[in-house]
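There are structures below to look over.
Across the two complexes that follow, chain A remains constant while its partner is chain B and subsequently chain C.
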Partner chain A sequence: MAAPMLRWVGRGRRWTFAQVDGGSCHRREAPTGFTSNRIRGQSSVAQQPLYTTQKPRKGEHKWAAVVGLEIHAQISSNSKLFSGSQVRFSAPPNSLVSFFDASLPGTLPVLNRRCVEAAVMTGLALNCHINKKSLFDRKHYFYADLPAGYQITQQRLPIAVNGSLTYGICAGKKQSQVIPKTVRIKQIQLEQDSGKSLHDDLRSQTLIDLNRAGVGLLEVVLEPDLSCGEEAATAVRELQLILQALGTSQANMAEGQLRVDANISVHHPGEPLGVRTEVKNLNSIRFLAKAIDYEIQRQINELENGGEILNETRSFHYQLGCTMSMRDKEGKQDYRFMPEPNLPPLVLYDATSLPADADPQQVINIDQIRETLPELPSVTRERLVQQYGMLLEHSFTLLNEVGLLEFFQNVIKETRAEPKKVTSWVLNTFLGYLKQQNLAVSESPVTPSALAELLDLLDSRTISSAAAKQVFEEMWKREGKTPGQIVSEKQLELMEDRGALEQLCHSMMEAHPQVVMDLKEGNPRAINKLIGLVRKATQNRADPAMIKEILEKKLSS
Partner chain B sequence: MLGRTLREVSAALKQGQITPTELCQKCLSLIKKTKFLNAYITVSEEVALKQAEESEQRYKNGQSLGDLDGIPVAVKDNFSTSGIETTCASNMLKGYIPPYNATVVQKLLDQGALLMGKTNLDEFAMGSGSTDGVFGPVKNPWSYSKQYREKRKQNPHSKNEDSDWLITGGSSGGSAAAVSAFTCYAALGSDTGGSTRNPAAHCGLVGFKPSYGLVSRHGLIPLVNSMDVPGILTRCVDDAAIVLGALAGPDPKDSTTVHDPINKPFMLPSLADVSKLCIGIPKEYLVPELSSEVRSLWSKAADLFESGGAKVLEVSLPHTSYSIVCYHVLCTSEVASNMARFDGLQYGHRCDIDVSTEAMYAATRREGFNDVVRGRILSGNFFLLKENYENYFVKAQKVRRLIANDFVNAFNSGVDVLLTPTTLSEAVPYLEFIKEDNRTRSAQDDIFTQAVNMAGLPAVSIPVALSNQGLPIGLQFIGRAFCDQQLLTVAKWFEKQVQFPVIQLQELMDYCSAVLENEKLASVSLK
Partner chain C sequence: MWSRLVWLGLRAPLGGRQGFTSKADPQGSGRITAQVIEHLERLALVDFGSREAVARLEKAIAFADRLRAVDTDGVEPMESVLEDRCLYLRSDNVVEGNCADELLQNSHRVVEEYFVAPPGNISLPKRDEQEPFPHS
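Moving on to the complex of A and B:
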């Protein structure tokens, strides 16, 4: 089942969009241009798109969707949040479980410094206010993979609050304009991950793996400033890039290091917010977008047909492409929050509040962490634009593809070619081949050095750009061959012999008198045909500019 | 030898008057003889004998580990002991063998102490009588003392029945009975609302509750995390100081232990006089339910200090009367939370029902916990409900702050140590005690001890004298936070003045023999 078609209404025009990759639910009015500084307080709520049902009636029935996200990012750390057990993905079941993780009676939590630093770092990168004092709470519920019967989290006073995340939505005719958007961050809290339950339906057994139980999580709570799947997906992608740049989380959704729950409601603008549903089980950015858009349309349809929206938890079924009610969670949960008595308040310091006699091993200095912040994606993009003169949207593409930026920078390092040329080759040719074969950058048969060598050949006019394309194709197919080898094997060097080229042009004109006639009768564009024929005859080895010059000379003589 | 204090027997070990193995065997044999007291849930005979052997070797090599090397000790059965069953006197943990030692247990072992066994308690330490554990009630050794028996003979009304035995108080009654009956020289209890001091008072022992944060709770199966502290039961104040010296200090495994250095070891000076001291008498502790005997002993104690040159002041702790109800909310809430882990999945009891995980949880918890525990879980979950949290839990926390501030104000007014009763009266017979339910009893019996836990202060119960019935009565000293040493120093001076009599257990021994005879006969007849 495909995602339903949604209609988008704005300024008298109407677009349809089927999926996030293709369409957009954003107003495609002239963008204000991407400003490099973060735009605070600019809520995308103000410009939220409006939805109608499939049969819009006049004036009324405009719907606006309100989407908020809760994102769980697994902290990249050697050990768990409150115990010394290792953190490792895909280790043998129950091999990374300490007495505390298994909640043996009498065990106590001991806070992992690294996790606190990761939270502070993430908070700073997301423009949050870092609370100098934060508290831990117990959140109670019975579940087989929650051994203590409660999760330690930060409900009352989290470590970071009131931040913002700026992301760019592509718009315009060719998706080539970037509209900056900002979503407010309500809070970031430190909490424990749960274990994993594996249900064996055949034997009606549940198997528990506690390797993940107690791993540190950052729960990032976004304010409901988003209004469609694409916005949510783009915001999450930006967050993912930030976490990866910081190294605070590997943020790999497929490995569950980044998990997103979406709260979704629809309402008529100007009216109170609608009843919201929570959609869970969103394990890729693409499904996140799909699920949100599906759920928005489902709610609209439901309401239009006189139904009502239940405040419920729904799960996204990625094979069917729809959301479904999770019946088992129907009962209203009261988490019976309570302060965690075994952990004193988490106190952080800054340069001004740090006691003079403080043991550096025992305290965390916010200012010191601020100094170690790496370059964030938004700054990297700016740098790319300034340093290499590329378009902003190109910088987005470079960062969005895993490993592409590094590939690009390695090519730049090794080639004499112009950065613009490199950008064009990496984003058009190289990325095009990758996409066509659905490969990751790391799986590419072409190395940065090989591409650099090819661009050098082009730059030194050893080969024509058409020949370069041919060489690239050979490089892709025949891994291991250097561009130089391919060029000499295939004799693709640029034809430098002007006499031979003149001869070729001459015979081509003779062979195609009709074209020459056309030209002479005042159709200057007919010359392209001749150029093409000559190039073909040289197997793309001739410089088209030279061919044109020779032809023009001969024609005018 | 068995009747000596820890310090005395430690000296005897050092001088070679007795070997650790001999001492261990004597204690083990007494443990067997006094089995009917029900003080121990598990006797770790093999472990103790092996430890004694190792200790003996160290003494031979002149490498004694210190005052505790070779000293038999007992540990309340809510401290994790590696390889030794730890039950909390609950069906829920029957058969549970922890894979690690509580920090306090490890520290005792590191000092060469011999672990005789795990002592009886109220289930999960919820109670004030040591009567509500799954292994049955603990009997107070004083029930069988010469002092008590003679008084009873004089009283024409008393029926001289064995069913008239007395409770130990609780919840660390097993530990108190173990030390009181000479089966060991010191025992660990836990103290959340008075669970160490209360049985100490009823069993004629020193019962010490250290400042919260001074001694690690890691491995102590919690009742109320924010109030629990490991307690120490000994025959004299110096012994308590020795044990405290071994246990105190920061523990990386317990984030609530404090890092500030505190003078170690805890050597207690003998005060020549108390003229520089100021003793506070909280007027709110004079309640109508207080027995006249305890009241008069309390007042005599105050006089003792005054005549010793100390300043004795009446002070006010105005929020004391709210302590019980406040404790009820905070305790049950934490209990509800702490008990959530007992679901039958990872360890402990699991029922046979397997229709669903939820059904399994429910039946497991129903079978595993007694009524007292279930009742507290239910209350606690009620108080933690979103709609009730502000009205109960948050309010109780505020009251707790007021109670703690009462103490701060009293100490700021110049008082060094507070002097109060520990219990309303001496120990009562079991049959009397169980006329009221656990909750009522806990509320009554913790009245003088509980507020201290709210404030995290150090407190110690010192046996003062025997009542008209020949039973021990204790008084409590409360000190400033982390002034444990000062507190014990004052208690030591007081202890010296009052010269509390040693329990005379000849009667007990005779009784033991009789019981043993009966058991033998019984077992013979069964064959």
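Moving on to the complex of A and C:
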């Protein structure tokens, strides 16, 4: 039974959402085949996200999937959550470890102010209620990369609760409609990261590097409002953009700064929820969607065949495209939660409750943080639509591609051309070239200034639109020539000389008397043939509108 | 006493969060069952090697049970004895670390600046697989 595969369309680095077969929760209008050859596929939104099985049985029971996510984001800070050792992605093993991180006796946790601010900022950006008092707890379990034998987390009373995350699913005939969806946020809590284990199966040992042990994490727990891989992937992408905009986390999944675990179950609508499994080892947005859809289909197939779902943990194997059980025989884990005895409650203030004589270093004012929140992605998109007259879907594309928004804004700054022209060139031509060669914006051979110069030439009618495309192709070759240089080298300037153009039109008309006859007999479209001939003769250096005007004048005389 | 050092393989949390009284002793029974001992040994990696140890545990529980004699209706429980203190907030500066050599000295085995641990997934043998221990 084929698992529903999300086909990765376009060889660009960015994973785009193209549903292929009936396994998607957003039903397509054409049930068979993948009909679009653009980067985005087609789909339409169903009234309710539902799955049907591959082989409909008698009575075709519909299944609904329920997906909950637990997302861990590494806080972007200089030092760790409870100690003063450095936070850095790569460093010699165990060089970024303090005595506390190594859990040597006699060491105590000291809370990092920056991590608390990051948690409050994130909570506010996600519309959460910030708990003015939150508590720290110990979660006990044994593993070699957790030297203390427990993790300090916030189980009883986390720092933020009851928020929401809004994301947009592209749907409609040409993926041009953006449907807003919301997933509720149960809570956000501060907790410690563990160290890293490297398994050496050959020598039957595990090597432990504690550089990551004690780094601050934000755990964002989403309510199970999601129903398929596409929704989960989109929601996580939006969260990534928000965290990056806030600066609270770099949220790079490839570097392990953002980790997602999914809890998945299926049931018939109206009936109680099914047994859920947890899927781990999801280290890219693309695999996240793939794994969730695979697991949903696996559960459906299992239940349809009379089997049952075990409450277990499964790991996603990306080479095989499937989830496999982690063979857990221990049953439910008992973490023996207890209050962290070395940390008093964390108390936050707002403008009204702030004590007058407080040391500003020692208090955190929620209202002050709220005032200094940077612009969030959803607001940025709205602003782009208002300011530059682009479609909402365009703003999504601009934000989704790393570095593209900055590129776009730099071009706008340096060019006289209309914003709509810039949008079109950046999103169609520029992005198209990038995708074709699988390049990131940062690897582009064309700089914003160069594109701005090209658009200025187009805007001042120095070259035609077709010529501009030619110039762009030359610019992409990295030969270091400016657009101006390419235009003069290839003699692509629009013909200024009206007299010469009139001569050319005249000779064309004389050379093709049948076409002229055609026109005079009342076939207006024959003029296009003439225009085409003249254009070719000028090697695309004449403005087609001017050619048409001259020809019409000649014909009527 | 650690009679053997074993590692629980999986740290994957299954299911929801536990409350604080996870495996409460049946009230006032005073008797700890073999199942509870096994569960505690697995959780805490403590070896209740003898009958005396279990008896000590039972006495400790009985001692703590005396708290129930206090009427706490309508009284808000404390979070900890520190709850009235101020939680100190540290500035986000790097002031520690860079002592790999010192830390690695604590480890029995070291490979190229990594601590060496046994591979995961060695599970604690079941009670009936271990040497039998007198238990009424």
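Just so we're on the same page, the second predicted complex is superposed on the first by the 459 of 557 C-alpha atoms of A that agree within 3 Å, B and C clash if a C-alpha of one lies under 4 Å from a C-alpha of the other, contacts with A are read in each partner's own complex, and residues count from 1 in each chain.
By definition in this document, a residue touches a chain if its C-beta (ideal position, glycine included) is under 8 Å from a C-beta of that chain, and two chains touch if they have at least 3 such contacts.
Source: prediction; values computed, not measured.
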{"item": "First, second, both or neither for A:Gly106, with chain B first and chain C second", "value": "first"}
{"item": "Chain B versus chain C, judged by how many residues of chain A each one touches", "value": "C"}
{"item": "Partner chain(s) touched by A:Phe142 [first = chain B, second = chain C, both, neither]", "value": "both"}
{"item": "First, second, both or neither for A:Tyr318, with chain B first and chain C second", "value": "neither"}
{"item": "Which superposed partner A:Tyr150 touches (first chain B, second chain C, both, neither)", "value": "first"}
{"item": "Which of chain B and chain C A:Tyr349 touches, first, second, both or neither", "value": "neither"}
{"item": "Partner chain(s) touched by A:Ile208 [first = chain B, second = chain C, both, neither]", "value": "both"}
{"item": "Which superposed partner A:Tyr433 touches (first chain B, second chain C, both, neither)", "value": "neither"}
{"item": "First (chain B), second (chain C), both or neither touched by A:Phe337", "value": "both"}
{"item": "Contacts of A:Leu96 with chain B and chain C, given as first, second, both or neither", "value": "second"}
{"item": "Chain B and chain C footprints on chain A, overlapping residues", "value": "99, 102, 104, 110-111, 140, 142, 144, 206, 208, 334-338, 341-344, 362"}
{"item": "Contacting residues of chain C [partner chain A, same complex]", "value": "7-15, 17-20, 22-23, 39, 43-45, 79-80, 82-100, 103-104, 106, 109, 111-120, 123"}
{"item": "Touch list for chain A against partner chain C, complex", "value": "77-79, 83-86, 92-100, 102, 104, 110-116, 135, 140-144, 146, 155, 197-201, 204-210, 278, 280, 311-313, 326, 328-347, 361-362, 364"}
{"item": "Residues of chain A that touch chain B when the two form their complex", "value": "99, 102-111, 138, 140, 142, 144, 147-150, 206, 208, 334-338, 341-344, 362"}
{"item": "Chain A contact footprint on chain B (complex, rising order)", "value": "79-80, 86, 88, 93, 96, 98-100, 102, 217-222, 224-226, 252-256, 259, 333-334, 336-337, 339-343, 345-347, 357-358, 361, 381, 384-386, 389, 393"}
